[in-house]
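Here's a structure for you.
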Amino acid sequence: MEKLYFASDYQEGAHPEILRRLESSNLEHSPGYGADAWCASAREKIRSACKCPDAEIHFLVGGTQTNLVIIDALLRPYQGVIAADTGHISSHEAGAIEAGGHKVLTLPNANGKIFASQIRKLLDAYNGDANRDHLVMPGMVYLSQPTEYGTLYSFAELTEISDLCRENHLPLYIDGARLAYALACPENDVTLPDLAKLCDVFYIGGTKCGALFGEAVVIPQPGLIPHLFTLIKQHGALLAKGRMLGIQFDALFSDGLYEHIGISAIRSADRIRSALASLGLPLCFSSPTNQIFCILEDALLARLQDSLEYSFWEKPDVSHTIIRLATGWATTVSDTEALLSLFSSLMQHK
Amino acid sequence: MEKLYFASDYQEGAHPEILRRLESSNLEHSPGYGADAWCASAREKIRSACKCPDAEIHFLVGGTQTNLVIIDALLRPYQGVIAADTGHISSHEAGAIEAGGHKVLTLPNANGKIFASQIRKLLDAYNGDANRDHLVMPGMVYLSQPTEYGTLYSFAELTEISDLCRENHLPLYIDGARLAYALACPENDVTLPDLAKLCDVFYIGGTKCGALFGEAVVIPQPGLIPHLFTLIKQHGALLAKGRMLGIQFDALFSDGLYEHIGISAIRSADRIRSALASLGLPLCFSSPTNQIFCILEDALLARLQDSLEYSFWEKPDVSHTIIRLATGWATTVSDTEALLSLFSSLMQHK
Amino acid sequence: MEKLYFASDYQEGAHPEILRRLESSNLEHSPGYGADAWCASAREKIRSACKCPDAEIHFLVGGTQTNLVIIDALLRPYQGVIAADTGHISSHEAGAIEAGGHKVLTLPNANGKIFASQIRKLLDAYNGDANRDHLVMPGMVYLSQPTEYGTLYSFAELTEISDLCRENHLPLYIDGARLAYALACPENDVTLPDLAKLCDVFYIGGTKCGALFGEAVVIPQPGLIPHLFTLIKQHGALLAKGRMLGIQFDALFSDGLYEHIGISAIRSADRIRSALASLGLPLCFSSPTNQIFCILEDALLARLQDSLEYSFWEKPDVSHTIIRLATGWATTVSDTEALLSLFSSLMQHK
Amino acid sequence: MEKLYFASDYQEGAHPEILRRLESSNLEHSPGYGADAWCASAREKIRSACKCPDAEIHFLVGGTQTNLVIIDALLRPYQGVIAADTGHISSHEAGAIEAGGHKVLTLPNANGKIFASQIRKLLDAYNGDANRDHLVMPGMVYLSQPTEYGTLYSFAELTEISDLCRENHLPLYIDGARLAYALACPENDVTLPDLAKLCDVFYIGGTKCGALFGEAVVIPQPGLIPHLFTLIKQHGALLAKGRMLGIQFDALFSDGLYEHIGISAIRSADRIRSALASLGLPLCFSSPTNQIFCILEDALLARLQDSLEYSFWEKPDVSHTIIRLATGWATTVSDTEALLSLFSSLMQHK
């Protein structure tokens, strides 16, 4: 029996429509570095989806790359970025933000989220500190939607953070690596146009949402970051054959594909969540998108090694492990069924 | 009439065999970050082509990215990298090496090349300087094969530089962004196994040599750079769906494709060079690979704008421009003929 | 009445013996950058006081500077430094460590201290994480003796940390900005020779301990950091007239001055601590060296503004402030008496 | 016989007036980090000497430190600094500017100087390059007055550069490490008020001009660099006992001391230059300030080793060396006479 792959949402190739366009355009000629017609078309479609006709849009290759380029570009050397302690930049990017010279000012998360009240308190502490000139100045806010724990910011929560940021002249940046899975989620009440209104910069994730690779950075107010093109080049993040990114995002933003591509993944994830609960397997916390976090005894987990690819998350104690399962746009109903059988059989022979 | 594209060797898609494999493998599952079977297979094929069975191989996305990651990884903070003043890192990477904290110690080029004697002189000046502790220590050597001017290092020249580097404990790193066009060139006497013997690190260019994107870093002596994986991640250079790179290099290193993919480009370039000479258009210097540099009066150049995509190189004076034409693996005989007709017609109506 | 100065231990000039030597040597000629006879003599005296005849010794100007140079020199780019969340590098150096590219991996402090058990747990979490290649690797440990809260590591505690560090090949670095006040403290059981045995690098603070400025970095195993001189220069931390540092440390290490210079400051601090306790003013925690942390109602504090220079520490709530009082080598008995009168009068008229 | 010290202008202590003030103020109390009355007084005196009543003034410890802090603060990450190839930042600061992430865009010097025409040409090349988004953008200009070769910019030359800079929105920064020797030079026609008018930032050197250490950064238009205090702290360049710098610059700017302190050094240097010429010893080039560069046969030089401290400059060929002799504010007439005797005797017994 073939192994089941639920380790992440980037373990397959791309949506077939993307491959079709790569194929059909393969021997066309075009200028490099994103100056081609495919990129122009993709930008137009994204602007339209975001209802933000003037937005500046850049295509980068991956999420960590996008985070380090944008954060370095938004901050001045004396500033740091406010983020949840579970934020991708805080924990899983090998120190990329610090390598760019900036401190991540972490706040304790609640199921992956942080709140306006926490940010306000941090700003008050900074502003009220008589020695603040010896401290790292808070320079921007980083959020993920959905978060690294699969949870969602509500429109009300984001609005409160956005208002606070604007009051304090802090750019708000949202990492949308898995944004398609937020947009596809029934619980979600934050649309692309909402993001374009509430954020200063956000990125629409491609890699985990149907592309071979690629992230689309949206800057609703064009010109916010002078010379961003050169900064992208300087960080080694400028793709020579930039049209590869244009072709993919053009496909993802044709016929509403991006808004729909995550729907089946959410359905699968919901199905898995309820099945695990029925089997008495505890979820770590409730999250409505495509990631499922559960705690397993190490002895049980050992019995899954040959049949299942999952993600190690952390060890809460010596005999248990928290694992992450992720569905994706390419997860089939039969994959899901096979996973449920596997767990069901595991628990029966416990 | 459609425009002719000779601006660069990355203005099309990929070799059809690459697209075929992306298609056929599209819904296979595999682990991320280069731990998949396609990467493993590509690594084996590259090791075999380099006759270097122990080589450590990493796949990155682009050339500037590869240069900045590898150079930052090889140097200590008090060291700089020796390079030609025309080297890609010296001139066209937006200060990526300096952004990583390192000085580029430039030597004047001769048609894009530097020589062992120049490097020796620089080392002697450093070692003979009583205040050398106040200077940037030369820490490695960067070369390009072929160079940014399309010229080639001979086996004898590279051997002399390599010997000097080893004597002085300087890692030698070769940027092979266009390596396929060196390997395909009749004048070339440096093979992949030669590079593996003479260098400490080199990269085999994919982006300009038939891939959609991708560069393969070869480290003949494995373990030379501890924790390179984490450094790649930290620089935002780790592709989540790493197999995209494995699939492409597996194709490029099947059936000797990489060694042959540049042959037609060299033939076209040779044909263009002799035609331009016949037309009385001066080449800037003699280079045997796929790049052609020629000087044109600005008035003539203006008449080409609508028909030809070329690369601006520099302005030697107020009324002339040096342009670069590049052929590539995808340049057809009819493209070449059309270019020659265009120039022929231009010179007739001068 | 003149204001009372208890804000910090660097609010006066230097020990008179230092001024005497600066005066008498003023028109002597000597080579620059620490190659002079005064530096040589000071190095010998420090080696002798540390019972470490081979130690490599560098003189720098200030504490933040020393921390950023040494930490940057000890870490590789993929590594971070473990420190208490109250460590000077974590909180009060304006992001200097991150500006050098490194993450500070903070552990929660207990009265300014961290313990071997916490460090072990952090290392275990790192080593046990299946994705550790995506994390910042713990690369060294930073401690302060005394801590930023005036507390002391015992010999047993330091030995346990040192053993753990050596087992895990982590350099142990101790910030001794106020080391004289540890050495002068009756509770202290860690000598200079102990530090030289237990640490890989530590610095002996001058600025806060009787010098005009200056910190002496001690590297018990010479050659541990190659090209440290050049790194010091590169960070702008190399004093041209290096002998200024040699003269000061030569004075501080003549006739056991450094070991004794803090004694009167400890006596004053002890006296202040017991007086505040008698007056019913709560200390934040018990610390035996020259810093005193107490909580005051803001209304009371306001009445001290014109008579007392103190350090703002933090606001535990809206109506109270934690302040720091520091005695120093130059604090006189009459200063101390005046301070006690001030507080006594404040509490009487509360 | 004692050795003669002409290696540099920082081989003694400080002007006696500085020591006197350090002595008399030693046990005064004052706040740290430059917020004391001495610094305030020194700032006022400097503003007055510069006829620039609003200037923002910061005191730093050394020249390389000042250069790296100011240049990093003035540039954005995508920018580099234009400088002579012989500029201190280009050659003798161990890569400090690159360690801060910025390229030094060097221009060939003429006796240490660069000219407006060269800068204009560089800007034109950048602006005229179709690929300039892949290049480092010129972001500011760095000059030294006097230059590293002892030569001087005239008022006309500086004005031309300043005009060009303002036209192109490039901050102009002048390194005045040896500024006192320019101000004392009969040939000089650039005053402190001129510098304040022509530059965006400049620093008045203390270390080489009579202080124990210290450089005064003058920013004629206050607020030009936001949060410079924090940047100074972050670079480890903030002196805790900041008043040490205030005391020294207060002395240097009392009674016109700074404008006069270099006069005797220039007289000595002139005397040495004419004596060497009479002896047939060739000067490398004509420079009017306190540095003298001459070429000596290595055989002759060897005979000076025991009697003279000089600076190695470079080796023009295998049998000759260029050395630098520097006079200073503390050079006595008898030192000068002794040096002339030494050379005279050397040449007689050649």
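The chains carry the letters A, B, C and D, assigned in the order they are written, with residues numbered from 1 in each.
Basically, contacts are C-beta pairs under 8 Å (C-beta built on N, C-alpha and C of every residue); 3 or more make two chains touch, one makes a residue touch a chain.
Note that the structure is predicted; figures quoted are calculated from it, not measured.
Of the two chain pairs examined here, C-D and A-C, it is C-D that is joined by more C-beta pairs in contact. Chain centres here are means of the Cα atoms, and by that rule the chain farthest away from chain D is A. Centroids built from CA atoms put chain D at 33 Å from chain C. Rounded to a whole number, the gap between the C-alpha centres of chain A and chain C is 42 angstrom.
Residues of chain A in contact with at least two other chains: 77-78, 93-95, 99, 101, 133-135, 230-231, 233-234.
For chain D in complex with chain B, the residues that touch the partner chain are 77-78, 80, 91-95, 98-104, 125, 128-131, 133-136, 311-312, 314-315. In the complex of the two chains, the chain D residues touching chain A come out as 72-73, 76-78, 101, 133-135, 137, 226-227, 229-231, 233-234. Contact residues on chain C toward chain D in their complex (touch as defined above): 3, 5, 7-8, 10-14, 16, 19, 22-23, 25-32, 61-69, 93-96, 99, 207-208, 212-213, 230-231, 233-241, 244, 309, 330.
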